[in-house]
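I've put the structures underneath this note.
Consider the two complexes below, in which chain A is the common component and chain B and chain C are the respective partners.
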Partner chain A sequence: MSSTLTVPIPASPEPAAPAASRKCDTTGLNVCLGAERFIQFNAVAAVVFLLVGGIAAILLALTRWQAVHLLPVDWFYRVLTLHGVNMLLFWILFFEVAVLYFTCTVPLNARLFSRKIAWASFAQMLIGALMVNGIILKGQADVLLTSYLPLVAHPAFYLGIILVATGTLTAVYNFFATLYVARRDRTFEGSMPLVTFGATAAAIIAVVTLLHGAIVMIPTFSYAMGWTAQPDPMWYRMIWWGLGHQSQQVNVCAMVSVWYLIGQLTTGAKPVNETVCRTAFLLYILFINLASAHHLLVDPAVGSAWKIWNTSYAMYLAVLASMIHGFTVPASVELAMREKGHAKGLFGWVTHLPWKNPAFSGALLSLLIFGFIGGITGVTLGTQQINIIAHNTLRITGHFHATVVGGTSLAFMALTYYVIPLIFRRDFIWRSAARAQPWMFGIGILFVSLGMSFAGSLGVPRRIYDIDHSGAFGAAAHLMLGVMGIGALLAVTGLFLFVILCVGTLLFGERNHGRAMADWGVAQALPGSREGSLAEDHWAVKGTIALTAVFLACFAVYYFANWKALADVWPVR
Partner chain B sequence: MSLSIPARDWFKPPAGAEKLWIGLALLWCFVMSLMMPYWHFRGKQNSRGEAYAVAPVTFLERTERFAAANKVGERNGVPIAEPAPGGDAYLLGRMWSWYPILKLRQGETYRIHLSALDLQHGFSLQPLNMNFQVLPGYDHVLTLTPTSKGEYTIVCNEFCGIGHDKMFGKIIVE
Partner chain C sequence: MPNPETKPPLLQRVLDNPWLLLVLGVVIPLLSYTVWGWIEISLVPPATLP
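== the complex of A and B ==
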């Protein structure tokens, strides 16, 4: 398996492949058949693991909702482990590999470097994932996603995760080799498109991330086998979070690329300024690498200077990047809408957006939930001292259900409404349900996230089976867990609906070979409007200016409110 | 278009609203990164991560010695220990209890030594909601000044096995 990582790049991608590509009947782009096949495999695997994680999700939520308290205690932690790894690792990673294969081929008119390597990657990831799930369900790995030492799981747990990581690295290798060959063979001229650029940023961060994974998992596996001594638990935490946190930046890069892509597909948006967008991606690569500090802010043996420097990402330059995308994405959509002639007032264009297009509504909700909830809470909770009133409470879980669930996962779902018609070439069944799905999932997760966050503000811990024995939590905390539970019912319904729609379409959807995919509805231009008419008007995006002003105000209020809350607890050094 | 090759001359400096936003965002990032050093020097709540290596058995010995020497009472078989104002106190997390119960005086400052015997645990003081990580092998020192009276519950908020939700401790402030 690791030999694939060291294969030198040969002169030509693969000898004598049969018909290597087809012309897309909707977009006219060339689709590499090898890439298409592996986009399909990885996307299907992703959705299967999403389903597993979703079943786990509802069991968890109905247990944490004290009024229901469904699972017995041992199964709670088992299912929590299952949920964490299936969602955060398997669903996300398989989908991201699909995104990588797409972005390095179709937009560049290129062919996938090697099917063999793609097979090697897929096999490693699948075997690894099955090993992990098997050992968790057998009850021999109740260690949660983070598997903090001195907790130990069965060695198969670590080995499975190592396989998933090397499998993903293998796919990333294939991605870079494809880019290299495309560049060498001049399948395209000039700079790579923005989505490919964003995916490249994701891939670069993924390499750094997965190497951390290897550094921490291999000695832990060896310890679990009884070969070597136990690694230091603090060392483990530091390196593990080099994997755990940085991989979130991979997710952010992938998600932002998807936002740009869907913006174009549904409204014809194009980046207002390519330089700005690309620089923002570059900032992610440059300034993300120390973010594991986020998770160690109230840990022993790491000093204030280290904590402050690293959690501020060298002055928050990666946060800056997200704030830039948070402006440029809506700005590009607004500009496209105004150029189409929808120019009334600040927000007149909003009513003409393609609301019925599930890809659009999904991406929009993803942007709003990620920005307003995930981003603001993330930066605040990751502030060194404020972490004292947040660490390991449900506030943390509330935060990342707004980033990686309401943000990344919802964006990936939204993209699927194009992936299936364009890559699997079947039109969606039950289109009215599909139009509602992003709203169900998005609004559900909003309540999950808010319920968790407020419960956490009242001190309710994350990862705990029961909060009643302690007598420390009152009616308000229970109410908030109820809000989370009700949100979870809605979100999980949305998740199951998504899976039903995908599987149903793959089985029963009408084939669209030889014609354009069934249109979800895109933004319409008014007669007499002209694309590019506002290219020189740098203040045209008034709605976005208003939106981001509101955002900054919310951010500042939340941020300083938390400093105030911190000032109210006991002095501590 | 984000999916297509950009025009050759895509390299342009930001302008107009975009430039303004980048400026504002950068300014905000400055403010946020200055807040942390500011609070480090002026604020009263900081996590400095002061810690010393300690073997779990050694820490257990120290804690037991501390509990015996400072014992002022007992509750359900757990000693209540009252350290001298300004002095050191030891608090041990293990599966699944915090040991011993601490009795502190309002307005006095104590050096609280936190460590774990077996797995990682989470020191979470409720209902104040102050949280610190506790690791075996590390003597994590909090210099703490209780400013309000009452009985506070320590819950564990790092997963530590099947009894994790039943792991409690107490700090009594008078």
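== the complex of A and C ==
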């Protein structure tokens, strides 16, 4: 399908309203001052909760690393709960709200619909998150992120999560209201830009996610207060995963939008085909939320038809969407590089990519880790038959540390290298350390994911304090837990470095008011090259096609190796 | 010069309508995952105590 969409290029738009916006000294775009303030608030809160989750992460890794076994048992489950809520909910949701406010204002040349609503959203989310963290640290909510019934936490735990959910939903309302007003006032022409479209997909998925959160958390809060009877535990599991897993699909949409944005900022890449990219987001909107059923594959109360239909994301249409993005993002980068004159051989363009730009390296590592590790393991583990040999093992944890941490968190970190100079208007301090940070974090989390996955393949369970009590696990399992531990040390060092860079820049970074931000380094065009020169050349992205073939080969080998592993433990005679 | 009377293709009109996408994005998972699953769970007979 050829591209039929027209994308607005807001080259020199009029300000949305006098004194309500400023002109960005780097991009020339108008930045709504109201949105800017709340992007700042939400981004700062996100990084604070990332730090809390990171401290919890290293404590957990040094406990699951059986040779170290750091924490006592009660604190292990407490810190595991803390880690889950801060990393999977608070860090991600606050940052996503910042992304939503950016994408519905700056690319559309629009004003944020309401500052009061933004305040209401932020206050709810902040109070809720502080309530949850406080009650966990008081030792009255050792129920893990999932808080499966009949485990019961202090009511403040559920109330805090409800507040975070309603606060996020309030922000999503503000996002849609801003879109409506922008379209009504014609602040942009044609279709909305792809990054805003991706954020819209994320916001839509957030609506259905947060609805599930309300459905499950309100009766559970009421039960914890002693007002109503205990909800059915199986019902709780099903509805809770409508919150727990779907919130990660919000991440996927936001992360993919970040990939496109960073590709454009660092290499000048434009989507190779707007219609195909948007259709892939449409497939996410329609089908990706069904994946929550993965968590119920061994639950007896739902039937095989429900499990197979939903865990195949309605016959893998959402997986197709991820593979489309996994192709079009590097393909657009390759096309941009070749059009800049870096056309030697299959991969000659790779050496000229802006590797020293931490936003680019972070986004690329995010794409590779998400696709090659997270994507392949996710589809395989989500197969009903294979899931029986992996369910509740560390393989599951290994999978989602590749998707959520190696994928989403790393992409959000990468974006921050532009958010702080452009929105906070301070240039990064300690730039050589910033260039190394995505590599430290990415390689570290790669080892975490692989260590967990291989330990899980040897049967090591997740969420268990001590695996030595049974004597079932030998040297190989302990070696893999050591790999996980060393990876965690590296990844958390990268995380702490990220926090130090962000906080240090906000406090001591040189202001860039009145001038362009300090350049991280972008892809350079060779003399004589011309943008658009390869628009009709269908083989211009042959390097990406080769990489795709490698990806599909890895996928096939891993998938069928798991069927072999299943046959080994479950022989059919 | 493009004819202003020409309608954009159907897919583009769908993609350009965030409200339609919002409805579809809420209804499909609610029916496929939540309602169907809720019905299945509600049809499980209560276990008898030993």
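Just so it is clear, the second predicted complex is superposed on the first by the 551 of 573 C-alpha atoms of A that agree within 3 Å, B and C clash if a C-alpha of one lies under 4 Å from a C-alpha of the other, contacts with A are read in each partner's own complex, and residues count from 1 in each chain.
As a convention for this text, contacts are C-beta pairs under 8 Å (C-beta built on N, C-alpha and C of every residue); 3 or more make two chains touch, one makes a residue touch a chain.
What you see is a predicted model; the values in this text were computed from it and never measured.
*Asks:* Given the touch rule stated above, what does A:Ile443 touch, chain B (first), chain C (second), both, or neither?
*Replies:* neither
*Asks:* Mind working out whether A:Leu497 is in touch with chain B, chain C, both or neither, as first, second, both or neither?
*Replies:* A:Leu497 sits against neither chain B nor chain C.
*Asks:* For A:Val350, using the defined touch cut-off, is the partner it touches chain B, chain C, both, or neither? Pick first, second, both or neither.
*Replies:* Once the two structures are laid over each other on A, A:Val350 reaches no partner at all.
*Asks:* Per the contact definition in the header, classify A:Ile127: touching chain B only (first), chain C only (second), both, or neither.
*Replies:* neither
*Asks:* Would you sort A:Ala525 into first (chain B), second (chain C), both or neither based on which partner it touches?
*Replies:* neither
*Asks:* Once chain A of both complexes is superposed, is A:Asp232 in touch with chain B (first), chain C (second), both, or neither?
*Replies:* So A:Asp232 meets both chain B and chain C here.
*Asks:* With the two structures laid over each other on chain A, which partner does A:Tyr148 touch: chain B (first), chain C (second), both, or neither?
*Replies:* first
*Asks:* By residue count, is chain A touched more by chain B or by chain C?
*Replies:* Of chain B and chain C, more residues of chain A lie in contact with B.
*Asks:* Using the touch definition from the top, say if A:Asn310 reaches chain B (first), chain C (second), both or neither.
*Replies:* It touches chain C, and chain B stays clear.
*Asks:* Which partner does A:Val73 contact after superposing on A: first (chain B), second (chain C), both, neither?
*Replies:* first
*Asks:* Overlap the chain B and chain C contact sets on chain A and report the shared residues.
*Replies:* The overlap between the chain B and chain C interfaces on chain A comprises residues 191-192, 232, 234, 275, 296, 301-303.
*Asks:* Of all residues in chain C, which touch chain A in the complex?
*Replies:* Touch residues, chain C against chain A: 8-9, 11-12, 14-16, 18, 21-22, 24-26, 28-30, 32-34, 36-38, 40-41, 44.
*Asks:* Across the complex, what residues on chain B touch chain A?
*Replies:* Going through chain B, the ones touching chain A are 1-6, 8, 10-19, 21-22, 24-26, 28-30, 32-33, 35-37, 39-40, 43-51, 109, 114, 118-120, 122, 124, 126-140, 142-148, 153, 155-159, 161-162, 164-166, 168.
*Asks:* Any idea which chain A residues touch chain B in the complex?
*Replies:* 73-74, 77, 107, 142, 144, 148-151, 188-195, 232-234, 237, 257, 260-261, 263-265, 268-276, 296-304, 307-308, 311-312, 315-317, 319-320, 323-324, 327-328, 331, 379, 383-385, 387-393, 457-459, 461-467, 469-473, 537-539, 541, 544-545, 548, 552, 555-556, 559, 563, 566-567, 569-573
*Asks:* Mind pulling up the chain A residues that touch chain C in the complex?
*Replies:* Contacts found on chain A: 4-5, 176, 179, 191-192, 197, 200-201, 204-205, 207-208, 211-212, 232, 234-235, 238-239, 242, 246, 275, 278-279, 282, 285-287, 289-290, 292-293, 296, 301-303, 306, 309-310, 314.
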